[in-house]
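Across the two complexes that follow, subunit A remains constant while its partner is subunit B and subsequently subunit C.
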Partner chain A sequence: MKYNKLFTENLLTEQAPEADILYIPACQHIGAPAKIIVKKDDLVKVGELIAEANGHFSSNIHSSVSGKVLDVKPHIHTNGSKVMTIVIENDKKYQTISAKPIKDYKSLSKEELIAKIKEFGIVGLGGATFPTHVKLDINKPIQEVIINGAECEPYLTADHRLMVEDTKMFYTGLEIIQYILNPEKTYIGVEDNKQECIKALKTYGINFNNVSVCSLPTKYPQGAEKVLVKNITGKYVHKLPVDVGTVVLNVGTVTQIGKSFTTGLPLIDRIVTVSGELLDKKYNFRVKIGTPFNSLLPSMSGLETKDYKIIAGGPMMGTAQYDLSVPVLKGTSGILVINNNSKEEGTCIRCGRCVDNCPVGLLPIAAAKKGLQAMDCMECGLCSHNCPANVNLVQRIRQQKNKIRKIACECKK
Partner chain B sequence: MSIIVTSSPHIRDHNTTDKVMLHVILALLPASITAVFFFGIGALNIIVSSMAFAVIIEYAINKIKKEKTTIYDGSAALTGLILALCLPPSIPIWIVFIGNLIAIGIAKHTFGGLGHNIFNPAAVGRAFLFVAYPVAMTTWILPSAWFSSTAITSATVLAKEAPYSATIYQLFMGSVPGSLGETSAFALLLGAGWLFYKKILDWKIPVSFFGTIIVIALITQCNPFFHLFAGGAMLGGLFMLTDYVTSPVTKHGRILFGIGAGILTMSLRLFSTLPEGMNFSILLMNIMVPLLDNMGVIIHLKLYNKRYGVKKQ
Partner chain C sequence: MSGFEIIIILAVIGLLLGVFLSIASDVFHVHKPELLTKIEELLPGANCGACGYPGCVGLAEAIFSGTAEPKKCTVASDVQIQQLAAALGKEVTTDGLRDIAYIKCQGMKDDDVTKKFEYIGIDSCEMAALTSGGWKSCEYGCLKLGDCIKACKFGALSFGDNHEPIIDRAKCTACGLCVPACPKALIEIMPLKKTYMVTCSSKDKGADTRKACKVGCIACKLCEKACKFDAIHVVDNIAYIDQDKCIACGLCAKACPQKVIEFIEGPVKKKPVVKKEETGCASCGVCKPKKD
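Showing the complex of A and B:
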C-alpha cells in the first residue's frame, strides 16, 4: 500500500482561509443528534452553545465563529445525507464568549470532569466521533489506557503534526485522562513511519510515570481500535475495548481535552490534512468546524479533463463527496482530491486474499455473500483494497449489515 | 470531468487478476525452459501451440456465448501452459488441441468461465486425454534427446517394475523421462519461490500436501524424496492444487485440502494399477472443495468465538 504521507507530513499546521458562511450540522457524532437551541437571526459568539446534547449518548455543538444565524435548514453532511444544519454568517470579528479555564482540575471530582468534557462537546477525533464523555464514564477498573497515534490511513498527517506541534497540550490532556480513569498503564501507539512523533512524545513524556510510547509496524489498519489493542496488549476485543478493561482514545481527542481545560473553549476547530495527488498545493490546516470544503480547496486546476474523487477522511474509510459545500465536521481528518481508482467489479477467483488479510480474522467473502459475522466487520476496507478481481467486498458487507439490522428491527416489533 | 462517488475504499491494490495470472505464467517459465532443454525444440512447439489453442478456444467460446472477451485476463493462456506441461514430450499436436478443447470448453466454460469452474481445467483436459489416448499419453522419451527425430521410448520412474531407475539428484534436476514440465523439481520450486515472494502462492496447500506425502512415505518405508520429486507431485502440488478457483477459500479448508490430496496421491501410487495418482487426486479433491469450505467455516467460527470470547446466542 502506498502511504503518500510525504506530501504533507513536514508541513507546519497553518490557519485555514476564512469562510464567509459556515454550516454546522446538529449531528456530528455517533448517537442522538443534538437539539438546536438557536433560531434564524440570532447573534452568536465563538464558543457559544448552539445545539445541546440530547440525552447522555449525544454531544454539545458550539459555534466556531461569531455572527448571525442565517438559517436553520437541512444541508448536506459528509455521510451523504441531508441533516438539520445551522448556517452562520461569519462577521470575521471573532467575538469570544467569556471562557473559564479550569486551572486546578484535581479539585474537581471525576464526575464533574466528565461533565465538563461533555459540556465542551468533545468527541473522538480519529473519525468515529464517539462521544468522549460516554467512553470515560465507566464503573469498572481500567488496566490500560491506549492513546491512538497510529494514523494508519494513507495521506493523512493531521495527527502527525499534532503530536509534533502540540506535544505539551497532549500531555496536559493525558494527565486529565489518567486522573479520571486511573489506569495501571498508559500506552501511546505510534506507527514507526512517524519517528519524529515518537521522538517528541518520548522527550516530553520522560517525566510521566507509567507512560510508554510504542513504536508499531506501519501496516494498515494499525490504528483500528481492535487491532491496536491486540498489538499492544495481546487482548482480543469483540465489541468494545472496555469489555477487556481497556480504553482507547485518539491523540487528537486527548489534545483537545488538554486545550479545552487550559483555554476554557469548547471543541470548535481541528486539524485537517488537505492533500491528494491532484492538488498542486497541499496543507495541514487548522479549520473551524463548519467550514465548507470549497473554501479549503482554492486551486483545483487541471481537473476539467479528468474523473476524480473528493474524499472526506482517509482513502480507505473516508466517504466520497459530491457537493463541495459540505462542511468540515468534528470527525473530518482529511480532505483528499485523488484520481478515480474504481474499476469494474470482476468475478471472484476465490484466491482467499480477503480471508488471509482480514485484520480481525473474519471471512470477508462469506460476510459479503451470506452476511456471516458481518456485524463484527469494522469496514477497514483492506479486503476490497487487496481483491484482485475488484469485488466491492466492503460495500456488500455494508448491505448485509443493513439487512441484518432491518431483520433485527422487525423482530423487535 | 466529473466527481465520482463510490463506496470506500478509494484506493485499490495494483495486483489485479490479470497480473496474478501473468505472474503464475512467469513462475512456470523455468519449468518450460528445462522442458525445452531436456526434450528438445519439440517441447517448445507443444507449449506454445497449447497456449495458443487455449486462447483461441476461449475467444471462440466468448464469441459463441456473445459475452465480453476474457482472453486478456490470462487465465486461458495459463490453463494451456499447465496442460502442456503435464503432457508427454512425444504427444502429437492434434491431441494437444483436443486436450485444450476439453479443458477450456468443457471444464471451464460449461460452468460459466473463470471463477465458476468446479474442476481444474488443465487436470480435466489431461484426464480426458489419458483415458482417450492411453498409448500417446504413456509414451515417454529419454531426456537430452536434443533435436533427435527418433524418440527413445521409456517408462517413467513411477511405473510398476520400472526398467528405469534414477537418482534423487536426477529427479530433482529433471533429467528423467516424464511429462514436459513435471520432471524438474528444481525449476518448479524456483517458480514457486517467486510466487511466494509475490504473495500469490499461499503456503498452506503445498506444505500440507507435501507434508502428508512425506509422512505416508515414511510410514510405508519408501524414500520420501523419491515421491516428492518423481511424477507430477511438484507440478500438481505447487501449481494445480493451488489453483485459486478450485481450492478452498478458508484457511483450515486449505490445510484439509492439501492433506486429502496427499493421501489420495499416495494411495493411488502405492495401491492402484495407475503409475501416477496426482491427476485424479486433484480432480477428486476438487469435488470436495464445497464440503471442505463448510468444514473450514465451522472450525473458523469455533476458533473465532473462543478467541474473542463470543457467547452463542
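Showing the complex of A and C:
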C-alpha cells in the first residue's frame, strides 16, 4: 500500500481561506442530533452555542464565526444525506464570546471536568466522532490510557502536524485526561513513519511520569481502536476498550481538550489535510468547522477531463462526495482529490487474500456472502483493496450487517 | 459368494423392510381430517406468507379451526375462494376485485431524471440507497436495481426497456413481499378498482422536483382545482387521491401538466349518481356517450 504522506507531512499548518457562508450541521457526532437553538436572522458570535446536546449521548455545537444566521434548512452532510444545518453568513469580524479559561483544573471535581468537556462540544476527532464526555464518564478503574497518534490512513497528515506543532497543548490536555481517569500507565501510539512526532513527543514528555511513546510499525489499520489496543497492551478487545480497562483517545481530541481549557473556547476548528495526486498545491489547513469544501479547493481547473473523486476523510474509510458545498465537520480529517480507479466487480477466485489481510481475523468473503461474524467487521476496507477480483466486499458486508440488524430489530419486537 | 446369492439376500432384506415400513405407516399414521387436506389442496401453495400465517399449511389449519376466513388468502382467485367456502359450507361474497402492487414513481428514463453521481457498487437498491441516498437527484425515486424483482415469488415483476421494474398485473397476487424490499417505500398494495393513480412520491417542493425529474409531481394543485368531487388533494407537495370520493372521471389527469396521474385499466368503473338535491351535476362529462 502506498501511504503518500510525503505530499503534506512537512507543510506547516496554515489558516484556511475565509469562507463567506458556513454550513454547520446539527449532527456531527455519533448519537442523537443536537437541538438547534438559533433561528433565522439571529446574530451569533464565535464560540456561541447554536445547537445544544440532546441528552447524554450527544454533543454541543458552536458557531465558528460571527455573523447572521441566514437560514436553518436541510443541507448536504459528508455522509451524503441531507440533515438540518445552520447556515451562517460570515461577517469576518470574528467577535468572540467572553471566554472563561480554566486555569486551575485541579480545583474542579472529575464530574465537573467531564461536564466542561461536554460543554465545549468535544468529540473524537479521529473520524468516528464519539462524544468524549461519554467515553470519559466511567466508574471502573482504568489501567491504560492509549493516545492514538497512529494516523494510519494514507495521505492524511493532520495529526502528524498537530503532534509536531502543538506538542505543548497536547501535553496540557493529557494532564487533564490523566487527572480525570487516573490510569496506571499512559501510552502514545505513533506509527514509525512519523519519527519527527516521536522525537517531539519524547522530548516534551520527559517531565511526565508513566507516559511512554510507542513506535508502531507502519501498517494500515494501525490506528483502529482494536488493533491499537492489541498491539500496545496485548489485550483483545471484543466490543469496547473500556471492557478491558483501556481508554483510547485521538491526539486531536486530547489537544483540543488542552486548548479549550487554556483558551475557554469550544471546539470550533480543526486541522484538515487537503491532498491528493491530482492537486497542484497541497495544504494542512486549520479550518473553521462548517467551511464548505469548495472554498478549500479553489483551483479545480484541469480536472474536467480526468476521472477523479473527492473524498472526505481518508481514502480507505472516507466517503466520496458529489457536491462541493458539503461542509468540513468535526470528524473531517482530510479532503482528497484522487484518481477514480474503481473497476468492475468480478467473481471470487478463492485466493484467500482477504482472509490474510483482515486485521480482526474474519473470513471476509464468508461475511459478505452469509453474514458470518459480519458484525465484528470494522469496515477498514483492506479486503476490498487487496481483492484481485474487485469484489465489493465491504459493501456486501455492510448489506449483511443491515440484514442482521433488521432481524435483531424484529426479534426485539 | 455368487451373484445369484447376493440378489437373493438383498431381495429378502428389501422384502422385510418393506413389510416393516407398511406396518409402521399404518400404526403411526397421523389422522388428518379430510377437510383440512382439502383446504390445503385448494389453497394456492405459494407459501408467500402474505396472509401472516406460516405458509399455506398454517393458513389451512387456521381456516379449519375457524380463526381465519377463506378470504384471508390474497393470492387465491375468486373461484378458488368460492370453492374453499363451499368446502367449508360457508357463504362468501366476492366482489370480483383484487389487490395489486403499484409503483409510485415514473422517473425511469435516463433523459427524465438528473443524476447526482455515478453509482459503482453491488446491484442492490438497499445499498444504493445507503450510498448518499442513491444516485438520483430525487431522493424519493426508484433506483432501478431490482430489489423488488428479487423479492417477487410469482414472477410478476421484471425489468423493462429502461431497466425499470414493471409489474405484470395478471401475475401479481398482492402478497406484499415487494413492499418492504423497496428502500424508498415506493410500492403500495391497493385494490385494482382504483382507476386513477398518482405515479410520483416526491415530497420536494415544485421547483426542486422540476430540477431533479421531468415527470415528477410539482404540487401545482391544478388537479385539485380540476376535481369537482373533492377527491384529490395536494398534501406534503404530493397529490393524493381519495378513492372513496373518486368517480374516475379523469379530469385531474387531463389537467396535470406533468402527466403524473395515470389511468389503470380497472375491471369496474364506478357510475356517477347525480342527486341534484345534494351536490348538483358537476358537469364532469363522464356520463356523456363517448365519440368513437
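Quick note on the criterion: the second predicted complex is superposed on the first by the 413 of 413 C-alpha atoms of A that agree within 3 Å, B and C clash if a C-alpha of one lies under 4 Å from a C-alpha of the other, contacts with A are read in each partner's own complex, and residues count from 1 in each chain.
To be clear about the criterion, contacts are C-beta pairs under 8 Å (C-beta built on N, C-alpha and C of every residue); 3 or more make two chains touch, one makes a residue touch a chain.
Here the structure is a predicted model, which means the values were calculated and not measured.
Participant: Check subunit A with both subunit B and subunit C modelled on it and let me know: fit or clash.
Facilitator: Taken together on subunit A, subunit C would fit alongside subunit B, as the superposition shows.
Participant: According to the stated criteria, A:Ser342 is in contact with first (subunit B), second (subunit C), both, or neither; which is it?
Facilitator: Both partners, subunit B and subunit C.
Participant: In the superposed arrangement, does A:Met317 touch subunit B (first), subunit C (second), both or neither?
Facilitator: First partner only, subunit B.
Participant: Could you tell me if A:Ser81 is touching subunit B, subunit C, both of them or neither one (first, second, both, neither)?
Facilitator: second
Participant: Return the chain, subunit B or subunit C, that is in touch with more residues of subunit A.
Facilitator: Tallying touched residues of subunit A, the top partner is B.
Participant: Name the contact category of A:His238: first (subunit B only), second (subunit C only), both, or neither.
Facilitator: Touch status of A:His238: first partner only.
Participant: Which angle, to the nearest 10 degrees, do you get at the Cα centre of subunit A between the Cα centres of subunit B and subunit C?
Facilitator: In the superposed arrangement it comes to 70 degrees.
Participant: With both complexes overlaid on chain A, does A:Leu43 touch subunit B (first), subunit C (second), both or neither?
Facilitator: Neither partner.
Participant: In the overlaid three-chain picture, which partner chain does A:Ile365 touch, first (subunit B) or second (subunit C), both, or neither?
Facilitator: The answer is first: A:Ile365 touches subunit B but not subunit C.
Participant: With the two complexes superposed on chain A, say which partner A:Gln395 touches: subunit B (first), subunit C (second), both, or neither.
Facilitator: A:Gln395 contacts both subunit B and subunit C.
Participant: How far apart, in whole Å, are the nearest Cα atoms of subunit B and subunit C in the superposition?
Facilitator: When the complexes share the chain A frame, the smallest subunit B-subunit C C-alpha distance is 5 Å.
Participant: Can you list the residues of subunit A that touch subunit B in one structure and subunit C in the other?
Facilitator: Of subunit A, residues 80, 319-320, 322, 342, 392, 395, 398 contact subunit B in one complex and subunit C in the other.
Participant: Could you pull out which subunit A residues touch subunit B in their complex?
Facilitator: Touching subunit B: residues 1-2, 80, 154, 236-238, 304-311, 315-322, 336, 338, 340-343, 346-352, 355-356, 361-363, 365-366, 372-373, 376, 379, 381-382, 384-390, 392, 394-395, 398 of subunit A.
Participant: Can you list the subunit C residues touching subunit A in their complex?
Facilitator: Subunit C reaches subunit A through residues 116-117, 120-122, 124, 126-127, 130-133, 139.
Participant: Per the contact definition, I'd like the list of subunit A residues that touch subunit C in the complex.
Facilitator: 79-82, 319-320, 322-323, 342, 345, 392, 395-396, 398-399, 402
Participant: Which of the residues in subunit B end up touching subunit A in this complex?
Facilitator: For subunit B paired with subunit A, touching residues are 1-13, 15-17, 19-20, 113-116, 202, 244-245, 247-251, 254, 297, 300-301, 304, 307-310.
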